[in-house]
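First, the structure itself, so that you have it in front of you.
Letters are used for the chains, namely A, B, C and D, taken in the order the chains are written, and counting of residues starts over at 1 for each.
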Amino acid sequence: MSNTLNPRETADPRQKRPAAAAGPARTEEELTRAIAAETGAADFTYKSPRRVEGSIPEQDLHSFAAAMYSRVGFEHLSAISCVDWINDGEFELVYHFWSYRDNCLVSAHTRIDRAAATMATITDLWQPASFFERDIHEMFGVVFAGNTDLEKYILTDWDGPPPMRKDFVTRKFAHEHFHYKDYEPDWDELVQGGYHSNRGEGGTNG
Amino acid sequence: MNTSLLLIIPLAGFAVSALLATVSRRTMGIGKAVAIAGFTVVAIVAMAARQEINFTVTGSAIPGWTIQFGLTNLSWYFVLMIAAITWLTTFFSLGALRDGKTYPMFYAWLFAKTFGMIGVLLARDLLTFFILWEIMSWATYFLMQQGTDTARRASTSYLVYAIAASMILFAGVIFLYRASGSYDFTRVAATVAGFETGTLITTVVLLLVPMLIESAVYPAHWWLPPAYANTETGITAYLAGISTRIGVYGVVIFLFTVFGPGTMAKLSVGYHLNLQVIIMALAAFTMVVPTFTALFQHDAKQLMTWHSIGQGGYMLMGIATASSLGVAGGLFHVFNHMAYVSLIVFSIAAVEYRTGTTNLNSLGGLIKKQPVAFLGLLFGIIGLAGIPPMNGFVSKWLVYRSLILGGYPFLALAAFIATLGTILSVYKLIHNMFLGQLPERYNEVKEVGFLMQLPIWILMATVLVTGIFPGLILGWVAQIQISLGLEPIAYTLTGVSPTVGQLNMGVITSVFAATFVLAALIFFAGGRRRHVSQYNNYAAGHFVTKEVKYNFNYNFYSAFDHIFEHRFHNPPVKRGEGALVALLERASEFARRIYTGRLNTYLAYSLAAVVLAVVILKEVL
Amino acid sequence: MNSVNTGIQLVVWIIAYPFIAFTVGVFMGGYGRKFTARLQRRVGPSWVQPFFDVIKLMRKRTNISHGYMHDVAMMMLVGGTIMTLYFIPVPGFTYFAQYGDFLVIAYLILVPSLGMALGVGETANPNGSIGIARALQMLAGYEVPFVLTFIGMAMLNGTTSMLDLVRIQQSGGMATWGIVTNPLLGIAAVMALQGMMNEKPFEVIVAPHEIATGPMTEMGGKYLGMMFIQHLINLFVETTIYINLFLGGAQNWVELIVKQFILFTLILSVNGVFGRFRTDDAVRFMWKVPLPLAALGVVGIMLGIG
Amino acid sequence: MEKRLTQRSAWDKVLTNLQKRSLWMLHYCTGCGAVELPPTMTARFDMERFGIMPMVTPRQADILLITGYLSVKTLKRVVLIYEQMQAPKYVVGFGSCTINGGMYWNSYATMKSLDQYLPVEMYLAGCMPRPEAIISGFTGLIERIDRGEANTWEDYYKNYEFYRKNQEHLFGSIETNVDVVGDRQYYKFTEVQQ
C-alpha cells in the first residue's frame, strides 16, 4: 500500500517501529556500546554529559544513519553542519542525531574530498534533511547526489562563488562589490546639506 | 379610430415578420426595418392617443360577449411605457443582433407580445382581458426562447406558472359571468359590491392571485430569475422593464375598479387580518428576500432579475397602502423602475456584447474601455438604490412617508432594509464589472456602436430629468388616481407640495450641484494630478505584474455569508419547488415507459383490453 | 429656532456654513486625538492637528490619480457631505431644512459613502475593495437600528421633518427631549452612532494591520486631504443629526457645540477602551442589541405608552 | 558645495510652517532598529507631540525610515516603496548599518551606504539610536523642512541615472511600474549631467 502523499514511503527501510523505543534512558557508555553493537562503528566515545561523538567513513554513513534510526532509537536528525579544512583539502560533514528517549546527541563526523565535494543524500531517510543539504550546497558548494531540489533559497540573487568557503575573502568581495564611504570628519554635512553626497569616490564602482 | 391602430399595427407587424422569418433566415435586415417602422408608429400613436374613447367590436360567436376596448388614464400610462420600451429594445437589438446571432422569429414574437399587452390594457371586459392575457403569456414564452439552450428549459418553468395563473383567472372570469350575467367591468363591479364576504373572498382569490403570480410576488417569484437571465440580454431589459408590471396593472384595475377602494380594508379574514395587511406583508417579503438573494449572485443578469422582483415589492406596497401618497408612490415607481432597470440591463448587454460574459468574478476595470456603459450603469444604480438626484428616490420617499404616517413602522423598516440590500448589491455590480484592475484579455475591448448607445443615453436623460422634475410624471399619476376614485396627490413640478411633506427635488439637485462645484474648487486648490498605470499600485513591497489577478471580486460580501450561513443561496421555497419537479419527472418517466412506441407493446395492450372487456361483459350480462 | 432668514443674511450663511462646520470639525478631531492620547497617558498632538494634516496633504507635490472617476468621486465625497450639512437645521440657519426632511438626509448621507466607494474602486487596489465591502456591510449594520429609531420618533410626532421634530422637542424644555420621552430609542441610536462614526469597536473599515488602512490605501496627497476634510465635516454632521433627533436641537451655537463635545466624549471614551470587532461580529452586534431595543421602543410607541 | 538657498514667498513660508507639524512615517522594519520605535511613540517619549504618526502605505507617508541593515533582496523592495511614495519625501537612515554598513561592514550580502541608492535626508547615528536620538533627529528634520532645505528628494529625479546604475550593479534591472523619468517632467526638473 504505497502512500500517495509521500511516494518515497514504500522504499523506506524504517518499516518497523524502532526496537529500542521503549525503556529507561541509557547512559553515554551504554549508548556507545549499543552503537558499536548495532551499527558496527567502534570509535564512538563519550564527549561530555549527553554528548557522544565518533567518526564514520563516507561510504557507509547512509547505512549507519539507517541503523541509528531503526535499531538504536535515534529518530531525530537535528542538523547537518559542514567544516572547511582547506589545508587538508577536505570538507567535514557532521550529522547530529538526537534521541527523545535518551535525551542524548550523537554526532557522526565524516570527511569528504574538498575538490570533488560530493556526498550521498540522506533525504530518503529524513525528508527535511533536504534543507540542510541545500544550505550546505549554497554555502559550500557540496553536491548531494540523489537530492533533486538543490536550488538556492537563501542567496536567491547570488551568482558569486559559495561564500562560506575559506578561499572566499568576504572583505575583498565587499570592498569591490559594494559602494562605501571612507571616513570623512564632516560626512554628515556632506550627506544632509541638501547637496548630494560624494558620488561614490570612496568604494570602487566596480 | 386611432386608438385601434395600437392593436392593428402590432398584429400586422407580427404577421409580416412571421412571414419574413419563414421565407428565409437571411432577411433579418428587412425584418429589422419592418420592426423599427412598426414600433415607431405605435410609439407615435401612443403619445397621440390621449383622450378616453371606447369602441366595441360587436358580433361574436360566444353568447353575451361583446369585445369592448377602451383607453383609460391608467391604461394609457402603461401603453406609453410599453411603446417606449419596445422602441428602445428594437433599437438596441439592431446593434446587438448582428454578427452571427440571428433569431428569425425575434421581431415576430416581439410584435405578438406588444399586441397581447396592449390588448390586455385596452380590454374593458373580463373575457377579452383573459383571451389577450393568454396571447400575451404565450408570446412571452416564445420570446424567452430566443437565447441560450438553458433559456428553453427556463422558459418552460415560466410556462408552468403562467398556465396556472391563466387557469385561475379563467375560473374567476366564469364565476363572475355566472354571478353577474355579463363580462363588462362596470356590470361586474356592481354585482361584486353586493357579494357577502364568503363569495367576495373567492372572487378576490380567483382574480388577484394570477396577477400576483404574473408580477412575481414573493412565494410565486421562482420562475423569473432563470427565465429572464438566460434570454438575449436585449429581451431581458424589455421583460424586466415592463412585462412583469402588467401584473401590477391587473392588481390596480381589479382592486380599485372591480372591487372598489374600500373593500381591501373591510374584507377582514381573522383577528384584524384584512386583505390590505396580507398584501402588504407579501410586498414586504417581496422587497427584502429577493434583494438579499441578489447580494450573493455572481452573474450580472441574475443579480438584476432578482432586483426587478424586489422593486415589484415597492410598487405593490405603495398600492396596498391605498393612501394618496402611497398609491402615487407605487404607480410612479412603476415608471421609475422601467427607466432605470432597463438602463442597467442595456449597459450590462453592452458589456456582454464586447466581452462575451456577464460573470462578475472574471470581469473588471472596464471603465477604461467602455465609459458610456459605465455612465449608464452608474445612473441606473443611483436610480435603483433610490439616491437623489435620480428618480428612484422620489417614489421611494412617497412610499416611506405613506408607510410611516400610515402607522406601519416595521413595514417602513422592511422597505429600508431592502434599500440597504440594493445599495450593497448594486455596488458589487458596478465594482466587479467596471472598477478594479483591467484583466489582460479585455485590452482590445472597445465601446459599443451608436445604435446600442442611443437607448442608454435616452434612458439616462429620462432617469435624471424625471428625478429633478418628478411633477412631469406625477401629473399623469394624479389623473389616474382621480379616475380610480382616489384622492389625488398634491404635487408640484419639482416634488411634493409643502402641505403634504418636505420634498423639493429642484432645491436638492441645485444644492447638490453647488456643493459639487465647491468640492471641485477645493480639489483643484491642491497640486496637479499625476495619472499612473494600474500596475503602479501598493502591494506591500511586492511587484504587481500582469499575470497576477490583483482584483477582489470573489465572495464580495463574505461577512453577510457568515451571518446568513448561505441561507439565501437556496431558500426552503426553492427546495419545495424542486421536490415538486422531481415528483413530476418521476411520474412522466413512468408514463414514458407505457408508450414505448413499439408495435408489439400496443398489440399486447389491445389484447389485454379485449380480454378485460370479455371478463367484464360476462359479469354484466 | 428663530425665524427663517432671508436676503443678505441667507447668502452669508450659505457661504460661511461649510467653513464653520469644518472649523468645529477640526476642533472636534483635535480634541478626539488629544483625549485618546490622554487616555494612554501621552501628551498628544496639538488641538488643531487635523488642520495641519489637511494643509500638509493639500500641499503635497504628487497626487497619484488612477483615472477621472477617482477625481470625480473625491468631489462627490466632499460635495455630498457638505450637501447633507445644508439640510440639517442648526440655530440661525434653517432655510434649506424646509425643503428636505429626515428621509432626504438619510439618503443624502449615502452619497459620500457611494462616492468614496466608486473612487476607491477606481484605484484598483484589492485592499481598498475589501475595505469598501466591509464599509458597506457595516453601513447595513448600523443604518437599520438608526432608521428604526427615527421611524419611531416620526410616528410619535406625526412628522418626518427634522425641523418640526426639533421644534416639538424644544416646546417643553428638557422634559420633551427625544431621549427623555423615549429613552430606548435614544440609547439604541447612540450605539448605532458609534458605528456610523467609524469609531472602535466598529473601526474594521480602516484596519491598518489587516488591509493597509482599507479604502485609504491608494489615496495620497490631495485625495487623502479630501477624505480628511470629509471626515471632519462628517463629525459635525453626524453629531448634529443625533442632537436634533434626541437632544432637543439647540437654540444657539454655544449650546450646540457643548452638546456635540459631550456626545463626542462619550463616543471617544468607548473608542478609547475597545478593540476592534470583525465585520460580521460588528453587524451581529448591531442587529442583536440596538435593533431589538429600538423595536421595543417603537412597539411602546404604537401601544401608546412610549 | 554651495548651499542652495531657496527664495520663498511669505505665503509659502507660512504654509510650510503649518505643514511641518504633520509628518507621517512609514518605518521599513528591516534589521534590529524597529524595536526602538514603540517607546518613541508611546507614553514616555510620545512622538505624536510633533504630529509624527506611523502610517501604513507609501502613498500616505512623508518619511521612509530604514531601521537597520539592508540585504540586496530587501533593497529591491525599499527602492520600489521609495518610488511609490509621494513627494516631498524624506529618507531617514537609522543606525550605523545604513551609514557605512555598521557591524556588517564586510558582509557579502548587505549594502554599505544607503545614500548611494536612495537620496537620504538624514542619518541617525548609533548602533540602534535611543528614542532621545530619534526625537532630536526628527525635530532637526522639522526645522530643516521649516527652513525649506529638506529637498534631497529632488536629487533622485535629477540624478536618476546615477542611482539606477548603482542599483542595477547590485541586483540587476527591476520593473517597478513607476515612470520615474515621466515624474521628472511632472516636477519640471532638468537632468544634472554627470
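Simple rule for what comes next: a residue touches a chain if its C-beta (ideal position, glycine included) is under 8 Å from a C-beta of that chain, and two chains touch if they have at least 3 such contacts.
No experiment lies behind these values; they were computed from the predicted model shown.
*Asks:* Using the mean of all protein Cα atoms as the middle point, what chain has its own Cα mean nearest that point?
*Replies:* Smallest offset from the overall C-alpha mean is found for C.
*Asks:* Farthest chain from chain B, comparing Cα centres?
*Replies:* Most distant chain from chain B: A.
*Asks:* Would you mind pulling out the distance in Å between where the CA atoms of chain A average out and where those of chain B do?
*Replies:* 72
*Asks:* I'd like to verify one number: the distance from the centre of chain B to the centre of chain D, where each centre is the average of its C-alpha atoms, in whole angstrom.
*Replies:* Centre-to-centre distance between chain B and chain D: 60 Å.
*Asks:* Measure off the straight-line distance from the CA centroid of chain A to the CA centroid of chain D, and report it in whole Å.
*Replies:* 40
*Asks:* Would you mind listing the residues of chain B that make contact with two or more other chains?
*Replies:* Where chain B meets two or more other chains at a single residue, that happens at 528, 530, 532, 536-538.
*Asks:* Multi-chain contacts only, two chains or more: what residues does chain C have there?
*Replies:* Only 59-64, 212, 217-218, 221 qualify.
*Asks:* Would you please name all pairs of chains that touch?
*Replies:* A-D, B-C, B-D, C-D
*Asks:* Can you check the complex and tell me which residues of chain A touch chain D?
*Replies:* 155-157, 160, 163, 168, 170-171, 173-174, 177-181, 188, 190-197, 199-200, 202-203, 205
*Asks:* Going by the contact rule set out above, which residues of chain D touch chain A in the complex?
*Replies:* Going by the criterion above, the answer is residues 1-4, 72-73, 100-101, 105-109, 111-113, 115-116, 119-123, 125, 144, 149-152, 155, 159, 162, 166, 169-172, 194.
*Asks:* For chain D, which residues are in contact with chain B within the complex?
*Replies:* 57-59, 77, 80-81, 84, 174-179, 183, 186
*Asks:* Sort out for me which residues of chain B touch chain C in the complex.
*Replies:* Of all residues in chain B, those touching chain C are 365, 367-368, 374, 378, 382, 385-388, 393, 397, 400-401, 404-405, 407, 409-410, 412-413, 416-417, 420-421, 423-424, 427-428, 430-431, 434-438, 498, 501-504, 507-508, 511-512, 515-520, 522-523, 525-532, 534, 536-538, 540, 550-552, 556-560, 562-563.
*Asks:* Would you pull the chain C residues touching chain B in the complex into a rising list?
*Replies:* Contacts found on chain C: 18, 57-67, 69, 71, 74-80, 82-83, 86-87, 96-101, 103-104, 106-108, 110-111, 114, 117-118, 121-127, 129-130, 132-134, 136-137, 139-140, 143-144, 147-148, 151-152, 154-155, 158, 160-161, 163, 212, 217-218, 221-222, 225-226, 229, 278-280, 283-284, 295, 298, 301-302.
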